[in-house]
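Two complexes follow with subunit A in common, the first pairing it with subunit B and the second with subunit C.
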Partner chain A sequence: MTTVSLKQKLISIVGEQYVSDGLAEKYVYSFDMTENPPKRPAMVVMPESVQQLQQIVRIANKDRVPLVPFVTGQNIGGLTIPQVDDAVTVDLKRMNKIVEVDDEAMYAVVEPGVTFGHLRKYLDEHNPSLTYTYPLAPPYTSVLANALLQGLCDLSTMRGAMGDFINGLEAILPTGEIVRAGSAIMGDGNWFGRYPLPDLVGLFSGWQGMSGFVTKIAVQLWPKKQFTRHAALFTFGEVPTTELLKRIARAQLIDDADCMSLSIVKMLLGVSPPVQVYGGEPDYGTLLTLSGNIEKEADAKYELIETFVEDARKNESRQLLVDWDAISRMLGDQAKSWVDFPSDAFKVLTEYDGLTWVGTYIHPKHWGEALSGGRKIVEKYGFELMAYLKPMNSMHFGEFKFIIRFPKDDATVEKVRHCNEELLDFALSLKALPYKTPVWAAKKLQQNADPGFVELLKRIRKTLDPNGIMNPGRWGL
Partner chain B sequence: MSPYESVIADWLHRCNRCGTCKYIFRDYGPSCPSGEQYRFESYFASGRISIARALTTGEIDWQESLLKPTFACTECGACQIQCMAPHREHIVEMIEELRSLVVDKLGPLPPHRAIAESISRKHNPYEATHHNREIVQQLNLPDKADTVLFLGCTSNYKETSVRDATLSVLKKAGINFTVVDEYCCGSPLLRTGQRAFARQAAEHNLEAFEKAGAERVITSCAGCYRTLSKDYKKLGFDLDIDLLHSVQLVNELLTEKKLKVTQQGSIGRVTYHDPCHLGRHMGVYEEPRQMLGVLPVEFVEMHPNEKNAWCCGAGGGVKSSFPELAQATAAIRLGHARAVNADILVSACPFCKRNLSDANQGQVAKVLDIVELVDLAT
Partner chain C sequence: MLEQPKDFIGNILAILTSKPLARPDFKDIVAKWKMVVVLETDYYPVTIRFDKGMRVEHGDIPHPTLRVNAKLSTIIELVKGKTSPIRALLNGGLKVKGILRHPRATLRFYRLISSSLKR
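For the complex of A and B:
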């Protein structure tokens, strides 16, 4: 099909205002903040409804037009960059309804364009006893995209990746049919969970838009606890740090632990780049969040953490737990930013036009080693040390990433690519799994993974998308 | 040589399109009129910064299709308030530089070209006959005075009730002032990338101020106030004159009882629209609110307000070139006034008054300038 006739068809669906093949749009949608290579779409279209999106998919399937889903483009993985020529980027931000919040079963059903900020505002106004969870991201990232990409959040230490919070979804298959997965197959107002059923959420979760467009997602909400306390843990050494975090997380005392290189803490304090860490300073600062239905419950958890830290001091006497009052005095308003998600703490990551990371989920036994080895790689390349790690799902696994903020000049981009490749190679050698995986990283993963898994992926994809229209090239498939 | 240093070059590698500029922080309401209207990423500040960067580095060519995303922005500066990145204070400057580059390569938009031609011929953007000196004669104003009232083109040729109310209030307060042979301040040129002509306007106006012996210049136009205060300095002129928006002077006059409220009974339920050029661009928020506290009105704040105020939709050359954006943006603002059951929506800028009035379909009974309210009440 010619570009002109495709454009006319899309205009007939969404109106002229919401289709563009202008240079500005093609350029702006061709890249993200990462070092992943840009590629321009042929045009960008913005549907407002499931029906409009369904018509777009049907045309694309008939005419074999590649489609790339986009909401806000802040995934730090190059995941909205087209991988093939003549792709149409489908910007879903106009599909932004909060469809339903169920106070009793504690879930929200949202469309793709609903952001964490908007969901928080809605809950504060309409369901103040409930909260959703928030990632280390600007407030205006998509709730649906983050859940489908299985990212982490401020409840991950207790409850795991956001993909685990999905109760069900509605999707448009690449062939145009609308399907549901989860308990809402029984009808609206019934999005309470995924089981007991064949878990078809898995056909869309983690697929980076290769298996269809998810148009609605039901995510779990949580009751707000009456009492929340915070504390900061300053630690030395990779293995001692991870061992202490493991002990705290396994005891299920904390809602969340945000562990970061001290340089990130310094950035939060306003230190200008490049941020250095000096001898004698702790290696890591961890924000601990704990809560209780009564104050005594929260205080008791804190006391137990104090005993764990005391134990840890027998091996490393400099490990230090600091109450949040002291941190507030030190950080001022920044202290609030750090704990009140969705947060402006992300601003420390907006120093340059480039931002990237290699982030992985990893077996707890390799966590400390991964952190230690990754640190050496980042230091070798001379980037600011910005490690970020989190105990996940009560320490069933760990997360670590090395963040790099960088100016996107050619030389730095090249250096970033080499550093990230080396970081990933090292992580894969420890059997870690990269998340929000860019194409280059997915290809490396496949080289190391069970070939049967990769074949199964291809077979499922071929079954769902016989004409290969959904985000082709993603994951290198 | 251009008096402008390249802010795009200075901040080339900063914006990573985090999206924080799109919404009001911790309120989560929209902040960007252009982005809300057109929705593509290219219509938010981060998109425009990307375009500027790509043109600077040669990643994209100069094409006509760049014109709309470049110019369909009111330059309200709400993005600057929300942005937390290091370049945040320079976003509007970057957009203005982008526009200037685009004008150099592709020429101005036709309505903007017409504005420049009108300013060149008649010293105002409205093709109106230049007539400042008639006011001097009509009101028997002196040739020289410490205080010069800079009328501004919109007030002098379109929203003349704002001009007349300002003149009346100054007279009532016994201020010794005059009006000079002013030319358009240059704001419409600067906002639309036509910087070259703005310098001539500035030179003329400064000479006129000097001839009049002005020690302070007052204006009721937020756009003129910003231009005289900020842009003339950027053009390299050293102004040894106090510049005030009329709300600053009138608030002082009311406080010091040099203007006395004579109106009996409430004029109505009033809400205040912060003009972008007065609020976000110049930081003046308190004075108009203090005035409304003194005037016989039932004052109610609408939301968003002050630094987060939603733009009226007129600025940045939008009203002339993108009337649909101007209309839609104003309609949203009028909706904010309606939501607090205001009878009267007041602003402190004739261009805001004009656009809000044009879009008003009964959301409020009246759109007025605050100086008109003062004139009514004193």
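For the complex of A and C:
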């Protein structure tokens, strides 16, 4: 089909205002903050409804037009950059309805364009006893995209990756049919969970848009605790730091732990780039968040953490737990920046036009070693030391990433690519799994993974998308 | 008045002292001081130079006017108001070398620190 006739067809569905093949739009949708190579789509279309999107998919399937799902493009993995020529980027941000919030079963059903900011505002106004979460991303990122990409958030230390929060979903298959997975197969107002059923959410979660368009997702909400308090933990050494975090997380005392290289804390304090490490500074600063239904519950949790830190001080007397009152006095207004860091992270991370990381989920036994080895690699390349790690799902696994902020000149981009490849090779050697996986990383993962898994992926994809229209090239498939 | 230090403890000191140093009268007084204080902590030492203002640098220098020694946990106790500089001095949590030789510098530094710790 010619580009002109495709454009006319898309205009007939969504209206002229929401289709563009203009140079400016194609440029804007061709890249993200990462080092992943840019590629321009042939066109951008913005549907407003499931029906419009279904019509777009049907045309694309009939005419073999590659489609790339897009909401805000804030991922750190090049995940919305087309991998093939003549792709149409389908920007879903106009599909932004909060379809339902169920106070009793504690879930929200949202469309792709609903952001963390939207949901937070809605819950504050309509369901103040409930809370969702926020990711390591700005508030204008998509709830649906983050859940499907299995990212981490401020509830991950207690409850795991966001993919675990999905109760069910509605999707348009690449062949145009609308399907549901989860308890809402019994009808609306019934999105309470995924079980007991064949878990077909797995056909879409983690697939990076290769298996269809998810048009609605039900995510779990949680009761808001009455008392929340914070504390800061300053630690030395990769293994002692991870061992202490493991102990605290396993005891299920904390809602969240954001552990980061001290350089990031210094960035929040306003230290200008490049932020260097000075001998004797603690290696890591961890923001601990703990809560309780009554103040005593939160206080008791804090007291127990104090005993764990006291134990750790027997081996390293400088490990230090500091309550938030003292931190507020020591760090002034910047203490609030630390609490807000995950959702306000781009304030310091976007110092330059480039931002990237290799983030992985890893077995707890390799967590400290991974952090230590990764640090050496980053230091070898001379980038600022910006590790970020989180105990996940009460310490069933760990997360770690090395963040690199960089100017996007050719030489630096090349250096970033080498550094990230080396970081990933090292992580894979420890059997870690990269998340929000860019194509280059997915290819490396496949080289190391069970071949049966890769074959199964290909077979499922072929079954769901016989014409290969959904985000082709993604994951190197 | 104070350049942004590049190290962690330097930044904490900068934030703590920023409140009294924001007062023009006190800022003018400090601007006239000429002395060097080394703060030794269990993390690392910082050198605080008073010379037409205040500057905090990572590291130690020989022969400062005053040499103050305290663990970071003691500094936090001071910040929280759980102890005072005098009490910490008396119980050994805070040690100062140079008190006898430089009593005026000691008083000046005490004044700065106690003003910084005021809630």
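Assorted remarks:
We adopt the following convention: the second predicted complex is superposed on the first by the 470 of 477 C-alpha atoms of A that agree within 3 Å, B and C clash if a C-alpha of one lies under 4 Å from a C-alpha of the other, contacts with A are read in each partner's own complex, and residues count from 1 in each chain.
One rule holds for everything that comes next: a residue touches a chain if its C-beta (ideal position, glycine included) is under 8 Å from a C-beta of that chain, and two chains touch if they have at least 3 such contacts.
On a predicted model such as this, the values are computed, not experimentally measured, just so you know.
Per the definitions stated earlier, placing subunit B and subunit C onto a shared subunit A by superposition produces no clash, and the two fit side by side. In the overlay built on the shared chain, the residue A:K246 is in contact with neither subunit B nor subunit C.
Touch criterion met: A:Y27 reaches subunit B, while subunit C stays clear of it. Once chain A of one complex is fitted onto chain A of the other, the partner contacts of A:E281 are limited to subunit C, with no touch recorded for subunit B.
By the touch criterion defined above, A:K415 reaches neither subunit B nor subunit C.
By the touch criterion defined above, A:E351 reaches subunit B but does not reach subunit C. Between subunit B and subunit C, B touches the greater number of residues of subunit A. After superposing the two complexes on their shared chain, the closest approach between C-alpha atoms of subunit B and subunit C is 17 Å. Interface residues of subunit C facing subunit A in the complex, by the touch rule stated above, are 4-9, 11-12, 15-16, 18, 42-45, 58, 72-73, 76, 79-80, 119. Here subunit B touches subunit A in the complex through residues 12-20, 22-23, 25-28, 38-42, 47, 50-51, 53-54, 59-61, 63, 65-66, 68-70, 84-86, going by the rule given at the top. Against subunit C, the residues of subunit A that register as touching in their complex are 262, 265-266, 269-272, 275-276, 278-282, 317-318, 320, 322-323, 325-326, 329-332, 334. Subunit A contributes residues 17-18, 20, 22-25, 27-29, 32-33, 44, 46, 72-74, 91, 93-94, 115, 117-118, 120-121, 138-141, 344, 346-347, 349-355, 407-409 to its touches with subunit B in the complex.
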